[in-house]
Amino acid sequence: MRSRYFPPSLAADPVPMRDIRLLDQMFLPGTLIGPFTNANPGLGGVCTFVGEVRFDDGVEALELTHYEPLTLPGMHALADRAFARFTLMGLLMVHRVGMMRPGEPIVCVSAAALHRRDAIDAVDFCMDHLKSAAWFWKREKRAGEWHWIEPREQDHSDLARWQG
Amino acid sequence: MRSRYFPPSLAADPVPMRDIRLLDQMFLPGTLIGPFTNANPGLGGVCTFVGEVRFDDGVEALELTHYEPLTLPGMHALADRAFARFTLMGLLMVHRVGMMRPGEPIVCVSAAALHRRDAIDAVDFCMDHLKSAAWFWKREKRAGEWHWIEPREQDHSDLARWQG
Amino acid sequence: MIRVVYLGKLADIAGKPESQFGASDGELDWPDLVEVLRNHVNPAISEAVEDSRTRVAVNGELLADKTYLVAKHGDEVALLPPVSGG
Amino acid sequence: MIRVVYLGKLADIAGKPESQFGASDGELDWPDLVEVLRNHVNPAISEAVEDSRTRVAVNGELLADKTYLVAKHGDEVALLPPVSGG
């Protein structure tokens, strides 16, 4: 292993960079990721996942309800677990709430690390756990009527990947 | 499973979007990822990995040599394998060659898919295989002298993850 | 008064986003809550909160076992159905 | 003439990025190449290309087994050391 040189700005501030937000308005992921990357000088890699509201058959809109006393603490607790599990320099986790149209970004998770395995796995881990950690309920509007989206089996198998 | 609605632009052009480049000049990942995302309407998620030249102890510069008759065909063959293995809408794979300074982006892989598992796994797969697929040789300059970087054991274990 | 908040589709089942209940002795336990929901809201919401997948939080703290609920005057009780997939 | 290209650190070992070799009968096979490198470049490059991890491409096509090399006039033979980690 080679030893690492940390640029002065990082050496002076070894606290990992954490940016966790709930937004009730449309956002542009690029406006978050650029500053996030620049806030982590000396990184080896940044992995970013952006989820958008899909153009599912006949879906006109999607609404996300959350319970504020649980959502943000849940996202911070998930960030704590990601920082404990992976060697990260920074973590950005942004989630939309409220009403969205197909094509709009709904979630953006970005992890900066010295090594790419940590960055990629941290994003994968956060995405798999975000729904169960942050208590979002979704309903979609089809033909003018709202329908709640039920839990899926896939969510459980996603979480099982990280056990043991 | 819900059926999917594809917006007209996608339905008219079902060929997956592929953007593979070798660049011998500094690039800004954001200027590639925005247009890439917009070129894939109807996507569910985009995963992007950007690798930067690390600030390793005393490293002043990094130089990547490649062998042109193998590099670009190697990257296209890797893209073929990613499209065969994952359900992707688009794949962007950009790699720097030539001389770079610490902090400069060296690689950017971005995958767009209907489902996040495909997008994340495709980026992970491409990053693990890029070095063996594309024939890059690296040397770094320390105290004014160039030193070749030897293969690492980690690279073999990265590839073994995708076997079987 | 104790504030009860209905999340996700529980709000549709209750027909409102929240209710306020008084407790004669100042405390509301789990059997009290199930009964007050059945009698003062509707039987469907009472059944829905008894679903094993419905979780309960008091003042933002999730209960490991909702049947141990003890809500006091001024508390906020949130009724949380399973989160959505997709 | 046959063009031989040295990639990565092989260029340092050879002391140049490429060489041109003639072949008396118009063809150069693997033993010919190893010998011509030893006699006309230096012994170190000859040993380096014999390393099992050094691969060979002819006109951009990787050889599955480099010892089956047959290079003809006008061909480009690339000598490829293992790619770098990191």
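Labels A, B, C and D are assigned to the chains in the order they are written; within every chain, residues are numbered from 1.
One rule holds in what follows: a contact is a pair of C-beta atoms (placed from the backbone, for glycine too) under 8 Å apart; a residue touches a chain by one contact, two chains touch by 3 or more.
Because the structure is a prediction, the values reported are computed rather than measured.
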Would you mind checking the shortest number of contact hops between subunit B and subunit C?
2
From subunit B, what is the lowest number of touch steps before subunit D is reached?
1
Whole-Å gap separating subunit A and subunit D, where each centre is the average of the chain's CA atoms:
49
With chain centres taken as the means of their Cα atoms, state the distance from subunit A to subunit C in Å.
29
Averaging C-alpha coordinates per chain, one finds the centres of subunit C and subunit D separated by a number of Å equal to 76
For subunit A and subunit B, let me know how many angstrom lie between their CA-based centres, rounded off.
21
Per-residue overlap in subunit D, given as positions that touch at least 2 other chains:
none
I'd like to see which chains touch which, written out pair by pair.
A-B, A-C, B-D
Name, in rising order, each residue of subunit B that touches subunit D in their complex.
65, 67, 69-70, 73, 131-132, 134-139, 148-152, 154-155
Counting only contacts in the complex, subunit C reaches subunit A at residues 5, 7-9, 11-12, 53, 57, 59-60, 62, 76, 78, 80-86
Which residues of subunit A touch subunit B in their complex?
2-7, 30, 33-34, 37, 41-52, 54-59, 103, 114, 116-117, 119-120, 123-124, 127, 158
